[in-house]
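Could you have a look at this structure, given as structure tokens, before my questions?
The first chain written gets the first letter, and so on, giving A, B and C; residue counts start at 1 in each chain.
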Amino acid sequence: MMEREKILEIKDLHVSFDTYAGEVQAVRGVTFDLYKAEAIAIVGESGCGKSVTAKSIMKLIPMPPGRIKKGNIVFNGRDITGFSRKQMEAIRGSEMGMIFQDPMTSLSPTMLVGKQIAEVLMQHQKIPKKKAMEKSIEMLKMVGIPNPESRAKQYPHEFSGGMRQRAMIAIALACSPKLLIADEPTTALDVTIQAQILELMKELKRKIDTSIILITHDLGVVAGMAERVMVMYAGKIVESGYIKDIFYDPKHPYTWGLLKSVPRLDAENKEELLPIIGTPPDLFSPPNGCAFAARCKYSMKICYTMQPEMTEAGPGHKAACWLLHSDSPRVERPEGIGRSCCNE
Amino acid sequence: MIEINKELFTHIGINEEYSEAINRPSMTYWKDAGRRLKKNKVAMAGIFILILFSLMAVFGPYMVEFTYNSNNYDIIHQPPNKVHWFGTDALGRDLWARVWMGARVSLFIGLVAAVIETIIGVVIGGLSGYVGGKFDLYMMRFIDIMIAIPELIFIILIMVIVGSGVLPIIIAFAITGWLRMARLVRGQILQLKEQEFVLAARTLGADTKRLVFRHLIPNTLGVIIVTLTMAVPGAIFYEAFLSFIGIGLRPPLSSWGQLANSGAQVFEQYPFELLIPAVFISLTMLSLNLLGDGLRDALDPRLRK
Amino acid sequence: MSDRKKLVQVKNLKKYFNVGPNLVLKAVDDITFDIYEGETLGLVGESGCGKSTTGRTMIRLYDATGGEMLFDGRNVHKMSTTEQKEYTKQTQMIFQDPYASLNPRMTVGDIIGEGIDIHRIMSGKDRMGRIYELLQTVGLNREHANRFPHEFSGGQRQRIGIARALAIEPRFIICDEPISALDVSIQAQVVNLLIKLQKEMKLTYMFIAHDLSMVKHISDRVAVMYLGTMVELASSAELYQKPIHPYTQALLAAIPIPDPEIEQNRQRKLLEGDVPSPINPPSGCRFKGRCGYAKEICGCEMPSLREVAPNHYVACHIA
């Protein structure tokens, strides 16, 4: 394995929110690395903590009521966990960029689009206004907006949803950041526009060589964009690995559940979808054992009492599940998920 | 740390009860709002003061043997002392009794005017929002014009026509005060009308009465209560002002405004005669405003966490 | 095949909105289709295509601007008041937003029982019994009847909405994007429930959604809408395997498949440009601006839905 440069290291991150009812443990121990020019996806359903994790990296969580209870975030070799606001402001926009789900609320409605891009350039690269405006027109062109010169002089409400998302990408990538976090970037878009935006992101990644953390619940989007995948549930990563491992040889029952509950366009007959019974636990009082135990067909006594650690299931493939323990009975992956071949 | 042994690996499977359970205690909207209100110290202080004043308005005058209109020219303009706790006024009348009789009048006017304003505002605003169309259009233009006229001028005009007294004041306030409430209620109703739960009720076949009383109004109550609470201090202040400039109530009826008026005339020699009613007016208005603010925050579902 | 009874017949349905001086939003512009008893008809399209408006016009939340709809042979817009009440009981709707479709001030029991109360079907113990039965049918507990909507998750609220629709025993249910706001694994729960209920209670569904994968899964036939017009109508298998209309083809090409090898090796032609506005649409075929095959006739004449293969209808001049 060649030594690749690590852009980001998250070590045992715990993030909680102090609410009227008590402490809500949104993220309960997340550890992963991100390498240069790599695209990874964090998949999970609402409430699993994926958005909170991403926003914590950028320190966009309001603190209070949020707080980083434990753990470290190391970006480009520097520990930014305790960085002050000023220090973060220096990094955000220049070395880290983020795009959000709803472009209407993330673009300033009272500022010209071109100016919003130029602002980022002027602040971080200290170039004069005229040059920044020129560069912003270039960026608009790069993200595929037709007539960039006139578009730069328009307001966000004059753009369609897809175009606004492109504008947001332009702002995020203006300073060629090393890391781009995309939080459900296409969820609010129509499917034909979604396809366009995803193609654009792939192309830009090649051009700028940036690493991407893609946060989504859509497994189809993950399949097209990511090299490695992290599956989150109830504030923890339950499975992580290369994309082919996750889709063709998943090990965690929650991942099985996710794959089995999604209908595929190319499915031959109407196989029944297998939903996951019940609802995710309330992170205000998370259970002692594995958070998925109450909904898991295969759960055992130990699952209800102790939380499983991330166990290796293959090269670069880990899952937090007692089924992988040497003392556990063998369990076959349910039919219809993954493939039997890819275990070399 | 529990030891890991083979026995722990016995199969259990799905726990259905646990997986659909709701762990937090059940709380209705009002209970939750009450809880949040209780946490707001300032609003609670306001409630305390209001309750205190209301109780005193009822029982205060009985706590001394003087009545509010018994003149005694021997003891005029006395400062607060052991016998007359708030002192006496220009005609030797006990100010403690007068303040609390005045409280009855001022609070009564404030409350009744606010309630009538609210009823008128809710009915008109609700109708306007629900019916829409031309009715709504004309009503809103009418309200726009009315709001542009300074309230005070209108009130004074009405008082001049109708004369002075408690009932005329209440009528004057009610006629001018419903405008704000109507706009607010209309806005809420317009927004609620398009909500899916109202559409669902329509698809189930609900008639207008049911839609308005079971769906629209209950979800507007929050706004109504807050606005009502904030309307009371306005009425109290206007009454005080009108009495202060001589249009409001006539003696021997005492209201806080009346007392302030009398006190202002001798302010340089006997400042307490103005200060005492002024303090009560201010405290009451402040408490109501703080309570209204607290209620607004407590009743806003978005501020839940 | 045509021995099946037509429960719903929509003919030349139009719904226009006036959004300003000389600005007409043609949300639904002359669509015609039938729904057979017992089937699930899927209605798909992207934002602005008019699918939601179609559903709401059919259930009379909006008045139609033109065209007509027949339910069980009787014209819905020309019914007497008593007939209308009957129609209300027979057609119900499930809504999209689980957070806005339940009255926050009512208990779940009252929400589910509202239909029963309005039509005075039963009262007292019988009524509660029916409410408990409905709660259990959708997978919730009896105790939930006294709770309030804000205490439930999105998926649970959707199930309450389904229970509410079922309470008055309708024959036809329009599902307006019932799963779009839910998580993926919860979507499967709700869809499975709908399918199960359809079998048990012999229901007919119109399933409106923008997620073609899910629509294909639940529907027998699927109709594709674009800017207020219906461009293709076929069985779900046929639509996927042999899409004829260029828009349907583009739509299918854009949908990501949860399979890395397939997804990363796909060669597909993506649709360019944005979804245009349904306000004052141009003449002729609505898709011509983005269509790679457009010819002159496409600009002048609006194509109508015609059968180009057995039970496969397309509105296109080129097909």
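FYI, a residue touches a chain if its C-beta (ideal position, glycine included) is under 8 Å from a C-beta of that chain, and two chains touch if they have at least 3 such contacts.
The model shown is predicted, which means the values in this text are computed figures rather than measured ones.
Ranked by C-beta contact pairs, the top pair of chains is A-C. Set against the C-alpha centre of subunit A, every other chain centre is closer than that of B.
Rounded to whole angstrom units, the spacing between the C-alpha centres of subunit A and subunit B is 49.
Here the CA centre of subunit A is 32 Å from the CA centre of subunit C.
Chain contacts: subunit C has residues 156 touching two or more partner chains.
Annotation for subunit B: residues touching 2 or more other chains are 20, 24. Counting partners per residue, subunit A has 277, 279 as the residues that reach two or more other chains. Every residue of subunit B that touches subunit C in the complex is listed here, in rising order: 20, 22, 24, 26-29, 195-197, 199-207, 210, 214-215, 218-219, 301. Of all the residues in subunit A, the ones that touch subunit B in their complex are 17, 19-21, 65, 277-279, 282, 284-285, 293-306, 322, 325, 327-329. Residues 45-46, 160-163, 190-196, 198-199, 217-224, 243-244, 247-248, 257-259, 261-267, 270, 272-277, 279 of subunit A touch subunit C in their complex. Contact residues of subunit C toward subunit A in the complex are 46-47, 153-156, 183-189, 191-192, 210-214, 216-217, 240, 250-264, 270-272, 274-275. By the touch rule above, subunit C contacts subunit B in their complex via residues 56, 59, 61, 85, 88-89, 91-93, 95-97, 100-106, 114-115, 118-119, 139-141, 144, 146-148, 150-152, 156, 161, 164, 168.
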